[in-house]
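Structures for review follow.
In the two complexes below, chain A is the common chain; its partner is chain B in one and chain C in the other.
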Partner chain A sequence: MTVDYVLKRAGMFVLIIFVAGTLNFAVPRLRPTNPVEERMNQLLQQAGGVHISNVEEMIARYEDRFGLNNPLWLQYVNYWISLSRLDFGQSIAYFPAKVTEEIRQSMPWTIGLVGVTTVMAAVIGSFFGAWLGWTRTPLAISFVVPLLLIVTAVPFYLLGLLMMWVFTVWWPLLPGGGAYDFAIPPSFTLASILDILEHAILPATAIILSSIGFWGLGMRGMMVTTMGDDFIKLAEFKGLKERRIFLRYAVRNALLPQVTGLAINLGFVVSGSVLVEVLFAYPGIGNLLYTAITSNDYFLIQGVLMYVIFAIGLMLFIVDMIYPLIDPRIRYRSA
Partner chain B sequence: MANNATTPLDPNVQGSHDVTVFETETLVSRIGWTIGRNKLLFGGLFLILFIVLFAILGSIFIDEERTEVGYAMAPQETADGSIKETVAPRLRPSREFWFGSDQFAVDIFAYVAYGTMGTLWMGFIAGSIGIGIGTLLGFVAGYFGGKIDVIVVILSDALITIPGLILLITVSAYLDQLSVEQLGILIGVISWMGTARVVRAQVLTLKSRAYVEVSKFNGQSDIEIVVAELIPNLAPFIAAAFVGAVAGAILLSIGLSALGLGPQNEPNLGLMAFWFIRFGAVPQGLWWWFGPPIVVIAIFVVGLFMVTAGLDQIANPRLRTSV
Partner chain C sequence: MTTETTVRTPLIVKDLKVYYHTRRGPVKAVDGVSFELNRGERLGLVGESGSGKSTIALALMMAHKEPARIEGGSIILNGSNLLDDNDEQVRLRRLSEIAMVPQGALNSLNPVMRIRDQVIDGLKDHNVSMSVGEFNGRVAELLTSVGLHPDVASRFPHELSGGMKQRVSIAIAISMNPSVIVADEPTSALDVVVQKQVVQTLRDVQERIGAAAIMIGHDMGLMAQFASRIGIMYGGKIIEIGPVANIFQNPRHPYTRLLISSLPDTRSKRRLQGIPGLPPSLLRPPPGCVFHTRCPDAMDICTQDIPITRELDPNRFAACHLYGDQDGKEVVL
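What follows is the complex of A and B.
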């Protein structure tokens, strides 16, 4: 591992954070409307159009509180200072609540749902794909390929919707939304865990079903290419057992891109799955972002976005670091 | 390359006119042959054509009025025995309304036709812009190298880390009402990175090939080389990337609109998804409301996937044996 390579990758990571952070700062400020004023008007409307004489003063106070009156460069500097302390400020919509606190509460749900399903889909899909690409698999199985293609093509929120229809309306078997029953607050008791699992079945199945084809078809393609390689022929001529050729020779080599793919996808886990979470009212990061946007909560939007980009960038950096360890053929040349 | 095997290399017959005719013939017959042989490409094109025709014919022959709120009418007998037409929401499919009507008494069949048109148009715009930017940047980066190359690579590496939907949701939060065209442009602008990478990688390998060196030696300009030597060899890759970009753009736009953050005033499938989610079509069991758009999306995206896979086989002959 050369120092040059590591430095380049690390520089890339820093650059991504810098660009994303700057955009994150600039874009909300390009908007002509005033977020505080908007929120105030929204609250006033909710209160039934009550007339309050000193709205202007309240807006000014809040702007002061959020530092929106400072010159732009100062805001920018302050922004980076607080970012470096992992402080994203306070939410406008849920005012006294801290943005980091909101993120911290949503994160376990997203990692639990999207993280677990991503790993499951990758494992199941890869082995299924390996089996499909194996030359000795009965030909009759190939009908599965178009089936995989179709399940993958339907976006998972729509697949989730169909499943919701089947299992909550047509044959009411599972809860249709939320992460847990409000009568059973989440805790580490058996009843609570079972309840949480029950609520996770539908969204989880939707995500797994729709991404399994991606892994399966990718693995199948890699297997087909690998099976054509000379070392497989050699292994056959040596009279090795089929099982050994399959696992140690074919799958071992075809799996490399899948492993990278999984690592990259794990980075994207933190961004959650906005649509599935919104559809199933699952209290994860995606849902948090959606709520933030529908209530014009800019600090929350910024916090979530920054957090997501940071996690993805870090994950990609880690992948870049470990990939050469997995695949000895890569020697950091093409950095 | 293709005509070397069949044309006798007779210097007397090599009039430029004859050669052109011959080349176009082989090109056309080769495309025909490829599509005929390539089941994936053929099947995919068929599915896409089916949906495109549905959208075009639908929006030509169906009265646009039918997509408006309150269109569906049902006859009702009043107390004095006369028949009165009333607005009828949530009608089951019938001969008058093929896919029934929704919560707002909109004719679902008409709406799906117009909505498909809107979504396809958006996908086409996004795909074209994405592919245009991507091809241009990929070409420039790969062909000229140097600082431009570094900038393009860093830019695409940085942008590709942000999930498309998250970026889109965030940007749309700061924009006012989007139109279908604006959404298409927006998606196009944020989805050129994949194409740029593929094109750049291909240009890098192509530009060191002997025939490019020969052209350079013959004094052809950079533009001539790009147009005459590189683009024809890149065509299958660019076509595959275009199809992929359109599919990605359509799925992205539907996702965005299903959250209620997309175009609100023009019919599109994502907006339809937003309404049927918002108004509980699923708990009410109104399958004729949420079913048709899902089926249309599925058919279209499966078609695009098949075409991409088929084009990949042309571009990458190693895959050809596999299906």
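What follows is the complex of A and C.
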């Protein structure tokens, strides 16, 4: 791996952050509505038609506070300055809580739930796919393919609802929502960890079931292609052991695109899994994002998106660094 | 197992039949092929596409896949029949007794493994135990013997040219000193100059380790350069076999005659001519001689009886009714 290669990839990372960050700044400001005004009207409606005389003034004060009165270029400069301090301003919905603080509270739950399940789904799915694509797998196993297709096709919030009903109502075995029992505050004690795991079972299963088919079918397709390659035939002519042909020749090559897929999916982890988290009332980023969107909390949305952009950019950078190590054909190509 | 006769004749193929079982019936890709291969001998098998030559190569390696099945005959390798072995025994005999040089397509090496590891893993899976240093020494020795620099060992396949890759394939094939080398169109996808060099390399190493070799192909020029004996295949059968010079100078079977006269000749300016007609359907081969539909010398008997293979001259066999009333010794191979 050359210095040149690393520098070019790092430059690409910075460029991704810059372009995406600029879009993240520009798009919300293209909207014809004023977020502060909207929030105010929302609050007033909730308050039930109470007449407040100085609404205009309040809006002006808030706009001042959020810096929305400044010329666009100054807002843009300030935007990058606060970004560099990892400061995304204050949440409108949870005012005066800071966006960073909100995200910081939700992030561990999401990384724990969505991160772990993404890796699990990728590993289990790829394993199944590899097995299904292996020509010597007994034909009887091929029933798994339609099974994977079905599981992938069923919207997983339906699956989640079904599981919730089965395991919390019909056979009350597991907690129906939340990330932990309020009687056991999260800590690094055994009781707390078991409690957290127990709460994670249903949402984790929902995420794994919904994405395992994606990994399985993708891997199976790559395996079938790889099995037709000439080097598999030569490996057989060489009288290699089946185990070696499977692992070192077939899986090793079929796995390459899966690595890129996993990296991109890990990047998306920080945006949480909105549907699952909302469904199971899981206090992760997905839930936070849902609240932010429903309450027009632009600063919170921007903050979450910035994390997503940063995470994906970082994962792609990491993949670029790792890929030459796992696929020698990429080495030294620094385009 | 290694008796005097087996050493002299490491490979005896008898009445080999390989059929592809399709929905419309069996396709008789190889239908009663017999030949023997002596130590140090090089046999070339030529024939047009679909004549069954590559199927023979796969069957010799026992690497034929469904729907192909060996329907009959025997493959006696070093005195014992490959068809009697179980999968694990076959696996162990590959590379150590019979090795394959694959078609010269450009990705017959694993793209993510260094050349060294791709030579060594074959040895390891045949229970060769050496120290790392000894393995590396063996790899260097093998690479040198096929005309490559020992440094090639630490390269990846994409860093090599087509000819170099094919040399690596040859190095792998001879890594356990097999008694038979099967080369299935080893020079396809290589340019003409490299083709000659690769064939020469194959010939050199084959002579050095004293193996018998079968080269499959359709390039008569390369065959003449490589083989000591040539077998002509048509419709799943060997219709003529004999020493290479003899075949070229005096082809006996009408198909061989047409095949050789279709070769371009730099000395005469005659028009190039092919063989009229199409290869026979192997699903429903014509009755009698498979070639009679295209044969200029076809007689009544050719449409009815399958010609038996006769030894016309010493070491010279052909399956054709033209020679039925000669007093050539009749043999069924």
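The rule is simple: the second predicted complex is superposed on the first by the 306 of 335 C-alpha atoms of A that agree within 3 Å, B and C clash if a C-alpha of one lies under 4 Å from a C-alpha of the other, contacts with A are read in each partner's own complex, and residues count from 1 in each chain.
Convention: a residue touches a chain if its C-beta (ideal position, glycine included) is under 8 Å from a C-beta of that chain, and two chains touch if they have at least 3 such contacts.
Here the structure is a predicted model, which is why all the values come from computation and not from measurement.
Applying the stated clash criterion after superposition on chain A shows that chain B and chain C can sit side by side. When the shared chain is aligned, no partner comes close enough to touch A:Ile103: not chain B, not chain C. After overlaying the two complexes on the shared chain, residue contacts for A:Val36 are found with neither chain B nor chain C. In the superposition on chain A, A:Met12 contacts chain B only, with no contact to chain C. When the shared chain is aligned, chain C comes close enough to touch A:Arg244, but chain B does not.
By the touch criterion defined above, A:Tyr157 reaches chain B but does not reach chain C. Between chain B and chain C, an angle of 70 degrees opens at the CA centre of chain A in the superposed model, to the nearest 10. Once chain A of one complex is fitted onto chain A of the other, the partner contacts of A:Ala204 are absent, as it touches neither chain B nor chain C.
When both complexes are overlaid on chain A, the residue A:Leu279 reaches chain B alone and has no touch with chain C. Of the two partner chains placed by superposition, only chain C is touched by A:Lys233; chain B is not.
Partner contacting the larger number of chain A residues, of chain B and chain C: B.
Shortest separation of chain B and chain C in the overlay equals 12 Å (C-alpha atoms, whole Å).
Looking at the complex, you find that chain A touches chain B at residues 12, 15-16, 19-20, 27-28, 30-31, 133, 145, 149-150, 152-155, 157-158, 161-162, 164-165, 168-170, 176, 220-221, 224-225, 228, 268, 271, 274-275, 278-279, 289-290, 293-294, 296, 301, 305, 308-309, 312-313, 316. Taken together, the chain A residues at the contact with chain C in this complex read 229-231, 233-241, 244, 248-249, 252-253, 256, 326-329. The residues of chain C lying in touch with chain A in their complex are 61, 63, 90-96, 99-100, 102-103, 105, 107-113, 121-122, 125-126, 156, 158, 169, 172. Chain B makes touch with chain A in their complex at residues 154, 157-158, 161-163, 165-166, 169-174, 251, 254-255, 258-261, 273, 277, 282-285, 287, 290, 294, 297-298, 301-302, 305-306, 318-319, 321-323.
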